[in-house]
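Take a look at these structures.
In what comes next, subunit A is part of two complexes: it sits with subunit B in the first one and with subunit C in the second one.
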Partner chain A sequence: MDHDRAVAAHHAPDSPLQQFVSLSVTLTGFDDAELWGTGLVNTYYALFPSIVGDAVFGDFMTRWNYTHRRGAGDASQLHTLVRQQILDDPDFGPLARNLISLWYTGQWNQLPAAWRNVHGAWANDATFIVSSAAYSEGLVWKAIHAHPIAAKQPGYGSWALPPDGEEPA
Partner chain B sequence: MSKPRSSRATKAPPAAAAPAVPPAAPRPISSVHSLRRHLQGALELEHATIPPYLCALYSIPDGANVTAGALIRSVVMEEMLHMVLAANLLNAVGGTPRVHHRKFIPAYPTYLPFSDQSFLVELLPFSRRALDTFLRMEKPAKPHAKPEPGDSPTIGQFYEAILEAFHRLEHHAKKRGETIFTGPRRLQIAGDTWYYGGGGSPVAVTDLASATHAIHEIMDQGEGLDHGIFDGDDQFGQVDELAHYFRFNEIHLGRRYQKTDGPTRPPTGAELPVDWTASYPMAPNPKAADYVGQPAIHRLMVDFNRQYTALLRALDRAFNGEPSALGDAVPIMYDLKYRAQALMAIPSGRGDGTTVGPGFEFAP
Partner chain C sequence: MSTPTSDIRHFDAIVVGGGPIGAHVARELSNAHKTVLLLEAGRAGGLTYEGYRSYVTNFHTQVAKDTNSPYPANASAPSPREIDLTQIDPGTPDLNGYQVEFGPQTFASTYLRQLGGTTLHWLGTTPRFLPNDFQLATKYGVGMDWPVTYDDVEPDYCLAEWSIGVSADRKEQEGIGIPFQKGYEFPMLPIPASYSDQVIDKATKGLTVALANRRYPVTVSRLPQARNSIPNPRARPPKPDGRGIDPHGAPYRPVGAVGNPDVGLRCEGNSACIPICPVQAKYSALKTIDKLDRRYVTLEAQTVVTKLTIDDNGRISGVEYLSYDTEGGATTAGRATANIYVLAGHAIENAKLLLASGAANGSDQVGRNLMDHPFSSSWALAPRSMGIFRGPLQSSGIESLRDGEFRREFAAFRIDLSNVGWDIVPDANPPYGDVSRALAKNMFGPALRRHLGDIVPRQVRVGFDLEQLPESQNRVTISREFKDAIGCYRPVIRYGLSDYTWQSMVESMKVSRAIYQRMGIPDADQHYVTSDATQPDERNFRARDGKDYLLNFVGAGHHMGTHRMGLWRTNSVVDRDQRSWDHENLYVVGCGSFPTTGTANPTLTALALALRSTRHMLSQLH
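== the complex of A and B ==
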């Protein structure tokens, strides 16, 4: 499985998988190496269509590709476009927020009632933690320079050391 | 090696004048200075085995190859113990263990220090090729094999030469009313202080008996007690544990040893399921410099190397009068594990389906 992941990732730089990674990079603020390092890229890539269906997920990715192309080479322009075209969009905003939630906490949140009224209530669209790995690899732990509670033990006495990545005062 | 342990420990040193050694053979360790050099070499040798074992271990994804992973892990833990024992031996004879410098870390692929250079050791993911190398690294010496202080065919012969030198040099020192055990006692790392969780309990080395004990511990865990398959480790609270070679052979052959098995025949115990496809396909011998064109990966590689170097710095302090620094080393070891596992999951971008992996390079 992991071999396939790597092959898929690398043989097609503009593949849908890579586009999914670039969207994730833009929405999370973590770079692609860090996202791959969680081991969850393919899990989340497969999860989306399994919950909201291929058509909705395809439209979401199409919107991202359009936005990405328009904002290419200008970070602040891209930032503005992502807000306008994706986060503020009633169809795609909830999906984008769910993607952020997945990466940071490993949790899929049931989509809002307003979204479900328009796009239908999908059977798998319930709030759940994707897996134990999704929990322990959540970006929230990296963001706060802490270890996931009850996972990835840091060792005796580690509480006396400055947090990893902490800037010196 | 074929004799019972008690006779080994009291082996009479060869008379200095006797022409027992053929002219072509390497000269035995002739002075305390040379003994210290060999013990620093022992530290480098023990350390050189750890990155290859860790690469295999960390390339196994969660939930896959559970038994194989546990076996490799148990060997790594004992190699770490061997590093501490080598440092204790070196400190006991007034030497200075040095582990935080550029030359301490081999550049993989590498020959093992003090080996006969008959095979290269690489950083590889869990694979048949990796296991083949591990078996060569831990290959037991043949019965009656000569001690070899340099260019040793096996690690056991290298330690046999060190053991012989301890006995001979201490014997000569005693005759002069002196001892080779001149190092301060406070430099010894013992099991009751800061060492925890790692492959047994370190022996403080203060005299010939404890030095012999420490060397036997290294040799028996590595290649087996007196040419059996077990390491004879009951006094370390580990009952009937296989020597390293035989643990790797279980993975290699996919079958466990049982008590009645011997070293010359394959194991006859229960099947040990191994899935050779269930590992991250790490590109061999990763180097940070290979990824300068991919800054996000390069940064993670450098971060790993810096942490690894910080670990060596902590060990250097621990071996040189600050044993509490071992307490700092343990959190770094955990951190390195998580970093290595992340690197294993990142595509290398080489076009061959490989992933990145930890480089274990010196980065002060």
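== the complex of A and C ==
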């Protein structure tokens, strides 16, 4: 029962992990099942503090919680708030764009010099692809109705078929 | 001399270079029970299935996904990389990376020094040359003729296509002017045309373009490709000399992955022929090397040949080499001897080795006449999805402008149609570039997802492999100033285009415009590297229409011409059998032997020439 309670707490709507997932859902346009389905939620959740530290990551999540609560129940309002409070923010914008980049391409991008002038440059903050799995699960391939190059190949002759929504040529 | 042995460092033949050409020469000689030492400068990657897969996962995690990105850098046998290339400022050499470039244009083509050679990252496109490509001087008064004709090489084209496994349709190829011997069929049925190919094919039905006052059809056809498809049940193999078909032979059986033969029996649409086919449905020389008879073939990788030695009679008397245990580590010098020597180390490396040895250069043509298929692109945004990123990088092309009277005035071209959108477009880098640009605009959420799903699948890219004439100032040289980590020469390259090719680049825009108009793409959604010049610039080209153009191109990776074959020893390095005019026991084989470029991707033709040459080699060894 202790184990079940621990799992439940971990996944409770207001748990830090679930807040990270809800931020990811809002930023990527993919739902939580799609994100969990990549197998990378925990990887990316652990990656952020390992690169920019617990304090910076904590502030980022706090900003999201504040924004999320203010925009709750009104998608249009939330969209505006996310843009203003997070993406346009000099401290949190670069982190949000990196979170989108991770989900879409599996790639962490070195934070911009302007961000580093404020928060310092961290040792692990370099441009890199997290893993072969992170590359292969990049959401950009789903967004463009394709498969990641050199992975998840669609099979012989599939390329001759019309793409989704199109008529045969 | 045919007893297999590994103690004595003397062999029937030493083959320098473990790429497709060297592998085929080693196979033919060893099948005739000749002992062969096969020397490869790079590492022996991919000899096991899991080992090969390690390069695939390495590719996944490379930020820059250029042609050599799956294959870790090797300081002891460096290779050129796209990421090392820069636009050359006139008068200032580019010293980045492995190639030293003096310009005036950047020679932007790469190759790979690793076992399997550049077939590890090649596209696998295998059109034959056209008959007129072998006699450009006679037919059109430009360039030079080859010392062999299409008919001389035709039987070996058949052998090469059955050796590496080519998927194509004979009738379709006949339609673009390729003759075949009676009864011949390609071993496998053509790879299906992609949806985007089909859209362009339908849009261009009946389209013609004017080139030098004559009209030519713009016809889409499926590319011959060295990628596994469905075996043609009616096809029977060519006879061992390529002349005639063996009616009792078995139909072709596709060759799967090295070490895992049930994998890769069909192209699976990985969209990654370049830089690595994850399932090995694409031919690489590893498949030929895997089947070499090791009783006769001694394979030594991580061994860089530094010099050929020459005896008083002008015969090659040995090879000197440096071997290394770890990349970038200490080297050990060695020497081996043979009855014949075969350089199959790539056009650039062959030339370097000959120059370093003072060999085979009585004509002063070694390293000269360096050619490529300068590659110019146009790109556009189609009104609807083209369904890109779902198949092999290319499946069709436009082959109908590869020959014509216009070749008296400007270069012919082979047009390739991209299945992955704006792949070669400067700074486009789809789909990563599209993500970065969207993020820079602060897009996020469902709007970001919809935006990418809308713009990326509509990308169209049309590319032109342009012919280039042999010009002696385009050359590879060596210099004591420029050496690599183990003290071997780096290639020093001087390279530029002449008006024959520049004019063709301007003509190619007409073809792109005609295609895009038929597809209903507005002018605003069409883009050209080649543009009307709005600023005075010393790089501008004044075309025949009197306008100035600022032109740009990249390399096709088709290095040719550095040890060309010919009828006379005064103007060529090797004869029609690819034997050195100066050293009777030396053969220099590969694309470097081509006197002119034609417009076809060169590897298949190099293989056909190599197979032809192996018969001459065997006649020397008997």
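As a working rule, the second predicted complex is superposed on the first by the 151 of 169 C-alpha atoms of A that agree within 3 Å, B and C clash if a C-alpha of one lies under 4 Å from a C-alpha of the other, contacts with A are read in each partner's own complex, and residues count from 1 in each chain.
Operating definition for what follows: a contact is a pair of C-beta atoms (placed from the backbone, for glycine too) under 8 Å apart; a residue touches a chain by one contact, two chains touch by 3 or more.
The model shown is predicted, which means the values in this text are computed figures rather than measured ones.
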item: Contacts of A:Thr38 with subunit B and subunit C, given as first, second, both or neither; value: first
item: Broader residue contact with subunit A after superposition on the shared chain, subunit B or subunit C; value: C
item: Contacts of A:Asp54 with subunit B and subunit C, given as first, second, both or neither; value: neither
item: Contacts of A:Asp74 with subunit B and subunit C, given as first, second, both or neither; value: neither
item: Contacts of A:Leu27 with subunit B and subunit C, given as first, second, both or neither; value: second
item: First (subunit B), second (subunit C), both or neither touched by A:Tyr156; value: both
item: Which of subunit B and subunit C A:Ile100 touches, first, second, both or neither; value: second
item: Set intersection of subunit A contacts, subunit C complex versus subunit B complex; value: 153-158, 161, 164
item: Interfacial residue positions of subunit B with respect to subunit A in the complex; value: 61-62, 196, 277, 279-281, 294, 296-297, 299-300, 327-328, 330-331, 333-335, 338, 341-343, 345-351, 353-356
item: Subunit C-facing residues of subunit A, complex; value: 26-30, 79, 82-83, 87-88, 93, 96-97, 100-101, 104-105, 107, 127-132, 135-136, 139-141, 143-147, 149-151, 153-166, 168-169
item: Of subunit C, residues touching subunit A in the complex; value: 56-57, 59-63, 65, 192-195, 198-199, 201-202, 229, 266-272, 276, 278-279, 384-392, 395, 419-420, 431-432, 434-436, 439, 442, 444-450, 452-453, 456-457
item: Complex contact set, residues of subunit A against subunit B; value: 1-3, 5-7, 9-11, 31-34, 36-39, 133, 152-158, 161, 164
